[in-house]
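First the structure, in the form of C-alpha cells, and then the observations on it.
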Amino acid sequence: MPQKETSYIQSRRSLLADKFASVRKQTLKLVEPLKTEDFVVQPIVDVSPPKWHLAHTTWFFEAFVLEKYSKGYQIYDADFGFMFNSYYEAVGERVLRPNRGFMTRPTIEEVLKYREYVDSQIDAFFISQGEVNPDILDVIEIGLNHEQQHQELMVTDIKYILGHNPLFPSYKLNSGVLVESTFDKQFLEIDEGLYEIGHDGAGFCYDNELGRHKVYLHQFAIANGLVTNGEYLEFIEAGGYQQFQWWFSEAWDWIQNNEIKAPHYWHQIEGKWFNYTLAGLLKLDDSAPVTHVSQYEADAYARWKGFRLPTEFEWEVACEIYSPKTAKTANFVDAENYHPVSPIENNMQFFGDCWEWTNSAYLPYPYFKTADGALGEYNGKFMINQMVLRGGSCATPSDHIRRTYRNFFHPNLRWQFTGIRLAKYL
Amino acid sequence: MPQKETSYIQSRRSLLADKFASVRKQTLKLVEPLKTEDFVVQPIVDVSPPKWHLAHTTWFFEAFVLEKYSKGYQIYDADFGFMFNSYYEAVGERVLRPNRGFMTRPTIEEVLKYREYVDSQIDAFFISQGEVNPDILDVIEIGLNHEQQHQELMVTDIKYILGHNPLFPSYKLNSGVLVESTFDKQFLEIDEGLYEIGHDGAGFCYDNELGRHKVYLHQFAIANGLVTNGEYLEFIEAGGYQQFQWWFSEAWDWIQNNEIKAPHYWHQIEGKWFNYTLAGLLKLDDSAPVTHVSQYEADAYARWKGFRLPTEFEWEVACEIYSPKTAKTANFVDAENYHPVSPIENNMQFFGDCWEWTNSAYLPYPYFKTADGALGEYNGKFMINQMVLRGGSCATPSDHIRRTYRNFFHPNLRWQFTGIRLAKYL
Amino acid sequence: MPQKETSYIQSRRSLLADKFASVRKQTLKLVEPLKTEDFVVQPIVDVSPPKWHLAHTTWFFEAFVLEKYSKGYQIYDADFGFMFNSYYEAVGERVLRPNRGFMTRPTIEEVLKYREYVDSQIDAFFISQGEVNPDILDVIEIGLNHEQQHQELMVTDIKYILGHNPLFPSYKLNSGVLVESTFDKQFLEIDEGLYEIGHDGAGFCYDNELGRHKVYLHQFAIANGLVTNGEYLEFIEAGGYQQFQWWFSEAWDWIQNNEIKAPHYWHQIEGKWFNYTLAGLLKLDDSAPVTHVSQYEADAYARWKGFRLPTEFEWEVACEIYSPKTAKTANFVDAENYHPVSPIENNMQFFGDCWEWTNSAYLPYPYFKTADGALGEYNGKFMINQMVLRGGSCATPSDHIRRTYRNFFHPNLRWQFTGIRLAKYL
Amino acid sequence: MPQKETSYIQSRRSLLADKFASVRKQTLKLVEPLKTEDFVVQPIVDVSPPKWHLAHTTWFFEAFVLEKYSKGYQIYDADFGFMFNSYYEAVGERVLRPNRGFMTRPTIEEVLKYREYVDSQIDAFFISQGEVNPDILDVIEIGLNHEQQHQELMVTDIKYILGHNPLFPSYKLNSGVLVESTFDKQFLEIDEGLYEIGHDGAGFCYDNELGRHKVYLHQFAIANGLVTNGEYLEFIEAGGYQQFQWWFSEAWDWIQNNEIKAPHYWHQIEGKWFNYTLAGLLKLDDSAPVTHVSQYEADAYARWKGFRLPTEFEWEVACEIYSPKTAKTANFVDAENYHPVSPIENNMQFFGDCWEWTNSAYLPYPYFKTADGALGEYNGKFMINQMVLRGGSCATPSDHIRRTYRNFFHPNLRWQFTGIRLAKYL
C-alpha cells in the first residue's frame, strides 16, 4: 500500500517537473518581444510591470516552497520579499501596489538571474531521490497555476503599456490576424430543474470551485457564441452610451465621469473605427468578438438588445451540456493568437477568446473553506463587490482553463480580454 | 361585473386615503423634535437634509400623480422639480446629491406649505366622485411606500446630523431605553431541499421581490436573534480590527484608511465605551443588538466567531418557518422606540431592531422586469455592487416590512441601523 | 503725569465703548434679512456659516478679553471654544474648517443669547470705575477690527449661499442699484524716486502695515478707477479665456479644470449676460466695476489690454498723492450699498467698491514682528502664497479701511468683491 | 562695418559650436552610470524620466532651431514633438506631465539616435560657410542654457528615482565624499541704502534677470555660509516639527498631512540618522549643509533660531560685495561632486552647494517683457505662487550660474538640492 502511494507521488512529481519546466519557459517566451524599457512601468494601478510579474511568480516559489520546505535554503535577496510580495498579508510588509512601477532596480537582467537561481533550486528538489512531502507538490502545483494566471495578466498589462503609448507599437505583428468566420449564431435551450455545479476535485482546481453542489435553474436559452464588434457598434450608433435607461446607476455615473463612449482600445479616426491590438492599431474587425468591455457595458448592451447576461450557473450548465472543451476552436495565448477571433469549427464558442461577464456576484459556494496560512488569502478575501467571468480568453494558457473555473473582476475593469454572451428566459 | 370591480377599486381608494393621511402625518411627527437648523445640512453624501426628505416625498406625488393624472394641475413651483428630484433621470435634470445640503431656500416653512398644497390636491382626488384610473392608485401606493422608506432614512439622517455635533444633542430623551432581556439565544435548523422564495403578489411589494420561485438550499442553522454589543465587544477586545485574516481584502483597506476601530457612534471615553443614541450619548448597553456596523464588520465578526452570514434565501426560509411577524416583539419607529433593543417575548428576533446584513449580492430574481418610465428606475438600476439586508430596523415603519422585503446598501455603509445574524452549515 | 495718562485711557475707553456698541449692533443688522436656514450652511470651505461668524466674533472677546482679564469670569459654554475657534492653534483644538457647516446646534437663537451674555460682560467692564489695564483696550480694539473683517466676510458668504441657490433669492432688494456714471477715466502719473510706505502707527492698524519705510519706485502711471463690466466683457468676447498667452501657467490649468469662462456670479441666459447681486439676478451693468474675479483673471485682462497690475507700493503712493479718502464717493457696506458702482464725484475711485488685486505677494515689511501669544497668529502666518489686495470693497465697513491696509487672498479666490485697476510703466 | 559685425558673429558662432559640443556631451556623461530601466520612470509628477530629459532637450533644438531656420529640414519623427514638448502651449498639444513616465517607447537607444541626428544637423549649421542670422545664435544659446537646467533636473530626478528604491542603489560611489571643513561662520553686514539689482545684459542671462534697476535696502546682516545638518538636527531634537509657532499656516498643514519630520532623504534607523546621497545611504554628515528642505522648513528653522531668510535682493547685494564667484570653493555637478559639502577656502559660501531659499516671491522686475512666441513662455508664466532661490547647487553646471540668476520653485518642493542661509536686520 505505501508503495503504491509512493509511485503515485513519484509519477506526480515527474509530471510536475515537466510542467514546471514548460510553464516557466512559457513565461519567458511571452516577454521575448519586449524592450528593456517595457518591463518597468505601471501606467494604472491594475497594470503591473512585466518585470514585477517575472519576479513575483519566482518569489512565490521561493517563499512558499523553498523557504518553507528546503532546509538550509539561502534566500537570494532579503529585499525581494518586500518588493515582490503582491498581497499576502501573512508574509509580511510589501511594496504598495501603486508603487510597483517606480522600482527600476533590480534590473530585468538581475530578475532573470533570480529566476534561474530559484529554478535551479526547485529542479534540485525534483531530481533528488529523497522522500517527498505531498504538501510540497500541492504548493508547486498552485505556484504553476498562479504563474499561468500571471502569464495572462502579463499579456494584458503589456497590451496596456504598449496600447497607451502614442506610437502604438505592436507586440507581435501576426498577433491579431483576421480569420474568415463560418460561425452560425444560435440560442441553446436548457430546461428548468436541479443541476450540479462546481468542481468534483479530480485534477487541479482552486478552492473557490469546490465543492460540487446542486442549484435550481429556471428554463433559459443562452447564445452559442459571443457578441461581435459589428453587433456592438450598432449599440454605439443607436446612441446607447447616451441613454440612461440601459445602465446601472453607478454605471451611468462611470461613463459620464470617464467619458466612456466605446470599448477600451477603440479609436475613431476621421470617422472610421480602429482598435489597438497586440499587432498594432488595426481597422475594426466586425466579425471578431467585442472585447475590453466592462460588466456595465456588457449588461447595458444585453438590456438594449432585449436580453440579459447569463448567471455563472447557467453558463456552466450550458457548457457542460453543449461544449466539451476543444482547444482547436479556441484562441489561447499558447496558440500565439493574441486576439479573440471567430471560431472556425464546432459552432460552439465557450473557451478562449474572451472572459465572459456573468450577472453573478463572486460569492462562496456552500461549505467553502479557505486554506490555512498565506495561501488561504488566494481567493476568499476577494469575495465582495466583484463579478464572475467564465470561459478564459485568448490570453489564458489552454491548460489553465476548465468549465468550473471562476474568474472575477470589479465590474468597471476593462484591461482584460472581456466579452459578452447573451441569455434569456424562455 | 364592472360594478364589482368598481367596488373593489372604491374600497382600495378608501383604504389608500386613510393610509395617505396617516403616512403623511407620521412624517411630520418624526420631525417635531427638530430645530429649524437641523433641517438644512448634509454632513456626508449619504445623509440628506430632513427638509429635503419632506420636499422630495411631496414632489414624488406631484410629479408622478398630479402632473400626470390631474388635468389642469397647477405646479406649485417649477424650480422644485429640479431641487427635489432624487435620481429619476427620466424626469429631467436635478440638483446633484452632494449639493442638497447647501440649499437654504425654500425654507422649512415654505416646504411645509408645499406639503399642504400637494396633500390638499391628493385629498381632492380621493374625495372626488368620478371614475378612477387604477394606475393612479398604484402610483399613490408606491408613493406611500416610498415615503415610508424616506421616514426611515430621515430618522437615520437625523441621527447622523445630531450624533456628529460636538454637543451630542438628543433627538428624544426616551428613545434609547434599556429593556431587561430574557432572550434565549439558539440556532434554528433547516433541512436541505427545494424552497420557494419571493413575494406571491398579494398585497403591496416592490418589483424586486417578484416573483415567487424555487431555490435549492443546503442544510444549515441560523441564529434566532442578533449579535449583541457585549458579544461584539469581545471581538474588539480580542484584537479583531488588527487581524487581517478576518477581513475581505477591500475591507482591510477600508478599516486602515478610515481608522475604523469600532461600530459607528461608539466612543471610548477614559477607557469606557459609550454610544450615541437618539436619546444622546449613553453607556454601552451590552445586551442590545450591535448596530451601525458595515457588512465588512458583520462578515469579519462572523468569521472570527467561526460562523458566517446567512444568504438572503436562508433568512427568508428560516423566517417563514419560524417567525410569523409580530409587531409586539419588534422595535419599529412607529412604536417610538428609536433604538434596537432585545425582544421581550416569542424568542424570535427577525423583524425590527436592525437591518441584517446577508452574504447575498443584490441581484435580480428570475424573470425580473423593470416597470416602464421613471418608476422603473426604482430598484433595478441599483443591482450591482450592493449587498442585501433583511428584516427591517427600529427606524422602519411596522407596516412597511415583510418577510420578502429586500433592502440593499454598499457593504461599507454604516449610517443605517444595521446588525448581524449568524449562520452555519450543519 | 499719571493723571494725564489716565484721562487719555479713560477717553479711549469711552470711545471704544461706543465703538463696541455700534460694531456689535452692525453685525446683527447685517443678518436681519436672513432666514434661520441661511445661518447654517458652508457650501465651500472658504464660506463660513453666518451663525459661525456671529459666534466666532463673540468667542474672540470671551477668549482674549474675558477669560484672560476678567477675574471669576464664568465661561458661557465650554464646548463653544472648540466649536468657534477659527485658526488659533495656541488656544487649543478646534472644529476643522470644512466641518463648520454641519453644526446645526447651538441654534441661532442660542448663539444670540451667547452674544448678549458676552456683550453684557464687556459692557460691565466699560462701566466699571476701576483702573484699566491698557492691554485690555488694545485687545478690544483688535476684537472690533476683527469683527469688522468678519462683517465683510459674512456679507460675501451670504452672497455665496444665496447666489448658489437655484432660486437666486435676494438679500435686499435695493442692494444693487444702478447709478448713472459721469466718471472720467484717466491715468495718473508718478515720478521715479524714493517713497515712504506703511502705517506710521497713529490710530489703529494691523501689525502687517508697520512700520513706515522707504521703497524705490520707477516711473509709472496708474488708472484713477476700476475696469468695468463692459470693458471686461470685451476680453471675454475677444476669446481671452481661450488664449493661453495671457495666463499664468497655473491660471491656465485652473480655468481649464474649473471651466472658468467669466467672472463668478455671471450667467449667460439665452445669449444675454446677467449677474447675481445681493438684489437678485440682474442684467449685467456695463458701467459698474467688474467684480468677483481672481488675480489670475485680473492679470490676464491687464496683459491682454497691454497693461499690468500695480504693485501694492504703487497703489499706496498713488493713493496718498491723489486720493484723500472720502466716504462720499465710495460704496461701503454701512452705506447699505451692497454692490460696487461707479463713483459720482471727485473722479478718484480708490476706496470701497472692490478689493483691487495687486501684483505684490503678501510678504513682511522690514522689521516685521509678530505679537506674542495667540494674537501673533493674526497675520504673519499667512505670509506665503497669497497676493495683496488694496482699497476695500462695498462689503467693507467705511471706518475699517485706510490707505495702508493690506488684505490678502490666494490668487484663485473669487468669492470676495475683487476688482481690477490697471497700471503701466512710462 | 558689416565686416566687423560679421567677425563678431563668426567668433560667437565658433564659441557656441564649442559649447554646443561640450554641453551635449556632458548630458550624456551624466547618464553613464544608469541602467536602462532607470531612464523610464516618473515616481512623482515633479520628477521626469531621464530618457525624457534627453529627448526633450533635443526636441528643443529641433523645434526652435531646425524647424524654424533650416530649410528643407526633415523632422526626425513627427510624434516626438507631441511626446517631448514640456509646456510650450504655442507649439501644440503635448503629453501631459504626469504621463511622461509611462512611455516605454521610443527606447533609450532610439532617443540616443535622435540626439545624434539633431546634433549632426546643428553641427552642419555651425560648419556651413553661409551668412548667419543672429537670431539662430540667440536661440541656440538659450537651448544650451535650457539643456544645462535639465542637466540639473536630471541629476535630482535620478536621485529621486534611486533614492526611493528599497535597495537604495548608489549613482556613483564617490559622489558624497566627506570633506574636512575649516569654515569660519560669520555674519556679513550691509548698510542701508539704494543698490542696483539685476543683470546688465553683458553675457547670457534669462529675461527674468533684466534689467538692472534700483532697490532700497534696510541695514542687515547675512550669514557667509549655509546652515549645516548638525545645526538643523538641533531644531528637530528641540521639537521644531511639533511646535506650530514656527510655521506658516499652510506649512503646518503640510507637515501634518504629509507626516514631515525631517528633510527629504533623511532616515532614522535604530535611533541614528542617515541620509540618502548619490553615493548611497550614508551616515549623516553634521558639517555638510542641510539640503532637500522646503521653503517652509527653511523659514521655520530661521524663525526658531531668531533669524529670518534673506530677500533675493539682499542675497544679490551681499554676494556682489563679498563674494566674487570662484568655482574652486563651490560644489558643482561638473566637478563631479554630487553632494553639497563645506567649502575649503575663501570663507564665503555663495555658489554651488545648495539653492538657497529666499523670502522673495518670484515676481517680474520693472519693465519685464516676455519674448514673442513660444520662448516667451520660458519664465514669465510662472511668476505666481513660487519663491526665488539663489546661488546654484552641487547639481548646477559651474558655467550656468551667476550672481543675478533667479531660480524659483513652489515652497513645498524638496527634490532639488535646497538649503538655508540666515539673515537678520541690524
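Brief remarks on what is shown
Order as written gives the chain letters A, B, C and D; numbering starts at 1 within each chain.
What we mean here is this: a residue touches a chain if its C-beta (ideal position, glycine included) is under 8 Å from a C-beta of that chain, and two chains touch if they have at least 3 such contacts.
It should be emphasised that the depicted structure is a prediction, and the values quoted were computed from it without experimental measurement.
One simple way to say how far apart two chains are is to compare their mean CA positions; for chain B and chain C this gives 47 Å.
Separating the CA-averaged centres of chain A and chain B is a span of 39 Å. The geometric centre of chain B is 60 Å away from that of chain D, both derived from CA atoms. Contact of a single residue of chain D with at least two other chains is seen at no position. Judged by the touch criterion defined above, the protein chains form a single closed ring in which each chain touches exactly two others. You'll find the chains touch as A-B, A-D, B-C, C-D. For chain C in complex with chain D, the residues that touch the partner chain are 87, 89-90, 194, 213-216, 218, 244-245, 247-252, 295-296, 299, 359-361, 363-364, 366-367, 376-377, 381-385, 387, 411, 425.
Taken together, the chain B residues at the contact with chain C in this complex read 35-41, 43, 51, 79, 82-83, 95, 99, 101-108, 161-162, 164-167, 169.
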